[in-house]
Amino acid sequence: MDLTSLSPEILLLVLSVGILGLDWFLPKKEKYVIGYCAILGLSLIFIVVHFTYGTRLFPEAANVLMSLPDGGSYFQGFVVDALALFFKRLFMVAALLALVYSLAYFSEDAPFQGEYYALILFATLGCFLLVSASDLLAIFVSFELMSLPLYILCSYLKHNSRSSEAGLKYFLMGAVTSALLLYGISLVYGSLGTTDLRHLVSPGPVSLVRLAQDPVLLMGLLFILSALAFKIAAVPFHMWAPDVYEGAPTPVVAFLAVAPKIAVIGLLIRVFLSSMSEAGLFWSWAFAILGALSMTVGNLMALHQQNLKRLLAYSGITQMGYFLVGLSAMASLPPLSVPSLQIAYQAVLFYLVAYLFSELTAFGVVTYLSAKGYETVNSCRGLSSRYPIVSLVFLISLLSLAGIPPMVGFVGKFYLFVAAFSSKLYWLVALGVLNSVVSLFYYLRIAKAMYIEKESQEVKLGKPFIPLETALWVGGFVVVLIGIFPKLVVNLAVSALQRYLVGF
Amino acid sequence: MNKMLILMNILLTLPKRVNRQNQEYRFGFGGISERMIHPFVFYVLATLIVGFALLVVTVRNIFHSGLCLIGTFLGVAGIYVSLHNYFLAATQLLIYSGAIAVLILFGIMMTQRSWSLTSRTHNSLWLIGIPVSAMMAFLMIRSALTLPDSPIKTVWENLLQAIGSVLMQVYVLPFEIISVVLLVALIGAMALGKESEEA
Amino acid sequence: MIGVVHYVILSALLFVIGLYGAMTRKNGISVLMSVELMFNAANINFVALSYRFRDVAFLAGQAFPLFVIAIAAAEVTVGLAIVLSLYRSSNTVNLDEANQLRG
Amino acid sequence: MDSEALTIFILAPLLGALVISFLPKGKPYLIRFVAFLSGLVMLAISIMVYAGYDPAGARWQFQVQYDWIPTLRIGYHLGVDGISLPMVLLTGILSLAAILASFGIKERVKEYFVLLLLVESGVAGSFVSLDLFFFILFYELASLPIYFLIGIWGSEGQHASRSWVTTRDFSALKLILYLQLGGALIFIGFFALYLFSVQAGLSHHTFDLVELSEANFAHIPGFARIVFPLLFIAFGIEAGLFPFHTWLPDGHSAAPTAVSMLLAGVLLKMGGYGIMRFACGLLPDGAHTWLQFFGIIAVINILYGAWCALKQTDIKYIIAYSSVSHMGIVFLGIASQNILGWTGALFQMFSHGIITALLFALAGLIYEKTHSRNVLQHGGLAPKAPFLAATFIVGGLASLGLPSMSGFVAEFLTFMGAYGFLKVLMIIATLGLVLTALYILLTVKKVFFGPLNEKYANQEFSHPWWEQVHVVGLVIVMIVFGIMPSLITSVAQSSLGPIVRAFHGMMR
């Protein structure tokens, strides 16, 4: 059995277990080394994965795996292809930044550091597997591997009851989500007799007619959909998000706001590419409704938030609404219109990159602030005069989230709306565009506090922490860079989708 | 095409399947001869499960509801027996009623001070919850009724061996991942449960 | 004759009861118990529905609950650890008493 | 080098902003110098492009084109024609003037000039980009920094009726939300153009204006009838179209002087330009259906703006409402659908840009000396401040359309055009001229003549070189273009011709 194409996962597993072992051996004074080791190891894995798999060095078909046209391979239950690798790179970026933020957030002698960093890596591993999963059982198992570490990480500040409360809320919501997902899987299995996503395609694709005749299948798909909607906090399954964002440690929130959501969207993309495309109209409507609700409700709730993390939680709900617009465009297209289909897929992938960098950079600044206990909009007052670079980076990331050029968020939104427009979802585009005007209102509130208002309290962030500052610089730079040269990411997205689009 | 080979491989290693035309069905476990589950057994088990489950979600004393949970688990184990999956029934008994339920009871007892019998145990959603749940149950039952009521009678000579080969060949990667999930749970429980030295 | 549909209906009832509990219970451990009911409902579904199929498809349904049970064990472990941690820091496990997070 | 002139036109202020952001805070002289330099480059290039444009040559000149997102057919495509050329010149002139007018800024000089240069880059870019995507990009770049410019350096509450909010917070937010709403509608309109470009006869979807202008959207039933008013209103919001004009007086009066100059001088023109170029230029049959209706709104704009200006006592509000009124003349010229009216509208955009910038600059100077914008508190300033009085009177006269000033040519052409098309409207609109004369003359009288307010008896009215340079420069431009209108009409007509002929095609 040739496991070469699983080597990113295996390397990551080795790294996280190695971190645990390192924790065992290090004396208490030197525990802070663990974080740096995790960052170093993950960077090495990133480099290895990027340079080996970026050039498609996949092995030939071996015993248990099949080779795919683009050089990817197929294990029972898992697919390793260019699309999965695209996502894996994103997860590694998210995990890297989250690790850097953690270094800044926790003190050097914080307890249980080894476990903390290992858990972040385990969650990353879960994300890796989820975007590779091509079997309902594999999806369920990877979903759990992704979620469990995050429940623990959310309640990691043991003596802080807010953190424990956030952890409990996230856990209970997550457990209900898993149960919904599992029940949905059982119904889909019961209706179709297979758990392999590829077998859902042939011989009888999940067509609209089939859905109408088979309510068990319909129920199953609805359960799965609502479970995934829970995970990405789409309205009306969003109740957990603000509480969890507010209570959990900020670096964990940064990771949790990005990686699992991207993984779920990746899963949805794979589900669509593999199957279900015949029932596109049903999905399109489901996504459109969820997306419209998420954009609108998320925005309206964000308007009067005072806590930065809560505000970002609602803004995250809105961002998920934009993704759902893209997914809706993706699903609604008849399979024949290839160019517009390509645009829809590219748009979602592009916006994933945009969201990743903007959101993580914003959370980087919030980590900086909340490490010293400043978490409200008012505490940003006059920040620009004392910390010009931090506030500039914050401004850039917020404007990117709001979709203002030349930041990457603008191009991403533009792409998404073009896709939605090409799918004739005019009302959704109009709603989305109006929502981005509304969203400007609360993003500008933070900008106003930072730049226009005079400082009401002395914000002291302590001495600068070089890794965090570097991460912020890089994040802000990337947000602008991709905004000005989007071709860099578009090419990545195009190559990630090559296998699927050739087939159409 | 390797995929097909794998499937063939699995099927070949499987024990012989009993001819479907033959009316006599045999089971792997000691050759017990059985036709179909008796309706009476099913209805008793179903009543037990649903009754205990209702108690779990309604009883005010959380310790009692934990005990009812064990009752439900036992009933479900019975259901597995009636579905001819004895290994699963045994697993259910060992892990669910044995480990999980006991763990939950421990949890309940350790947090004893927090639950009093006088305060309300349900939030304000309970009134809306009843019609919503009834509605959902109605929809789910209606959709279930559209399925063909296939009999529970396809029988394998040695089911456990077949399941084992599926686990080890078709689902080997998810099986491996489970071990990582358990490791994560272990680490997490330790990190959260252990008091750090400074505190 | 007792067929697949009977089991599916039983599982639907169990699932809905679990969902009701998860929605309405205040105590964190109670919610956890309700979720366990939902998991069990799904398991019954898998085993019962597998009798509609043959060969590998049948075996998949028979094997699925084993995975679920393992996952459930892990989940309960983590859940109880979190509940105890909350209990230790704020002396309650009720979701509406631990309400420092409000918007 | 020659072909990259437009890129430099956009990049000069951006580079300036970049350099300034790395300069030390404590050296305002250096910062001003860099800003001045980039303004100078902009002016030089705009004059060079203007001189190098060949009216008899191809329609699009100075083109630059690079791929950007090839999968969406978005490209970095710049170029000018007879419509954008006057706007480019206007941008060049006013950019430098605005920079000079900002030399008096004292606090947070560095950030101020960075933001101001960003606005100028955005404005420059939107006039020369031939790609719809890049138009939106530059539009946003031009509008967003204004929020901060007004919010930080704007003037505090002056307006009595709105004492419950500090004016600059309120105005900045109102302005940015209106502009973003306009941007959002433009977004939607452009999407529609992109999506239907194939149905309109192109081989592929595109955001490229040059390619789009070869498409014929008239083939698609109902398309232009829906999209045209959408685009017209979207750009109209930015140009101060009634009833979406309310952000304009608030925003202009709260803004610091240089920003008022840019807002009224160029940003409003982006709206008018957008209507001419995108709404009418791409959808002539939609224009044919709707322009009579918008002609009526244009007349309301003229009269209502003038009437409000007459009632105001705050000098900045007077000028701002006069902008509403004068932009009505632009709309009327566009609505007239003939070459006279369109040339008039274009000329009016140019000349109003210069005049209103001059008036705002002077209002800023008056406020700086007297610390009051209320005209009733001024009075008799003419002998004390002869420079201000002379230039203000010249500007005022140009604004009310005195012959030999640029305003006269513009209004004359517009009304001639409108007469050919909508006689009744044109006659009603001329009432606006009377009102304009009234409020301009009344303002001049209240501020500069009559008894001197005792407060200002000892006030010194001296002006450093930069103030004199930009004020005098604007006056000279105003007069030169009034005497030699052919400077604009000759280049404009070659490009306006095809669009107007499309209207005639509709009428037949």
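By letter and in written order, the chains are A, B, C and D; residue numbering begins at 1 in each of them.
We adopt the following convention: contacts are C-beta pairs under 8 Å (C-beta built on N, C-alpha and C of every residue); 3 or more make two chains touch, one makes a residue touch a chain.
Model, not experiment: these values are computed from the prediction.
Overall, the chain located most centrally, as judged by its C-alpha mean against the mean of all protein C-alpha atoms, is A. No other pair of chains shares as many C-beta contacts as B-C.
Among the other chains, the CA centroid farthest from that of chain B is the one of D. With centres defined as mean CA coordinates, chain D is found 72 Å away from chain B. Inter-chain spacing, taken between the CA centroids of chain C and chain D, is 64 Å. Note on chain placement: the centre of chain A and the centre of chain B lie 32 Å apart, centres being C-alpha means. Centres computed as Cα averages put chain A at a distance of 26 Å from chain C. Residue numbers of chain C whose C-beta contacts span two or more other chains: 8, 15, 18-19, 32, 43, 52, 60, 67, 71, 74-75, 78, 81-83, 85, 93, 95. Of all residues in chain A, those that touch two or more other chains are 137, 141, 144, 148, 151-152, 155, 158-159, 190, 216.
Touching pairs of chains, sorted by label, consist of A-B, A-C, A-D, B-C. Taken together, the chain A residues at the contact with chain D in this complex read 339, 342-343, 346, 399, 404-406, 410-411, 414-415, 417-418, 421-422, 429-430, 433-434, 436-437, 440-441, 444, 447-448, 451-452, 486-487, 490, 494. Contact residues of chain C toward chain A in the complex are 8, 11, 15, 18-19, 22, 28, 31-32, 35, 38-39, 41-43, 45-46, 49, 52-53, 57, 60-61, 64, 67-68, 71, 74-75, 78-79, 81-83, 85-86, 88-90, 93, 95, 98-101, 103. Residues 137, 140-141, 144, 148, 151-152, 155, 158-162, 164-169, 171-172, 175-176, 178-180, 182-183, 185-187, 189-190, 193-195, 216, 242-243, 246-247, 301, 305, 307, 310 of chain A are the ones touching chain C in the complex. Note for the complex: chain C touches chain B at residues 1-10, 12-21, 23-27, 29-30, 32-34, 36-37, 40, 43-44, 47-48, 51-52, 54-56, 58-60, 62-63, 65-67, 69-78, 80-85, 87, 91-96. Those residues of chain B whose C-beta lies close enough to touch chain A in the complex are 1-3, 6, 139-140, 142-144, 146-147, 169-174, 177-178, 180-181, 183-185, 187-188, 190-192, 194, 196-199.
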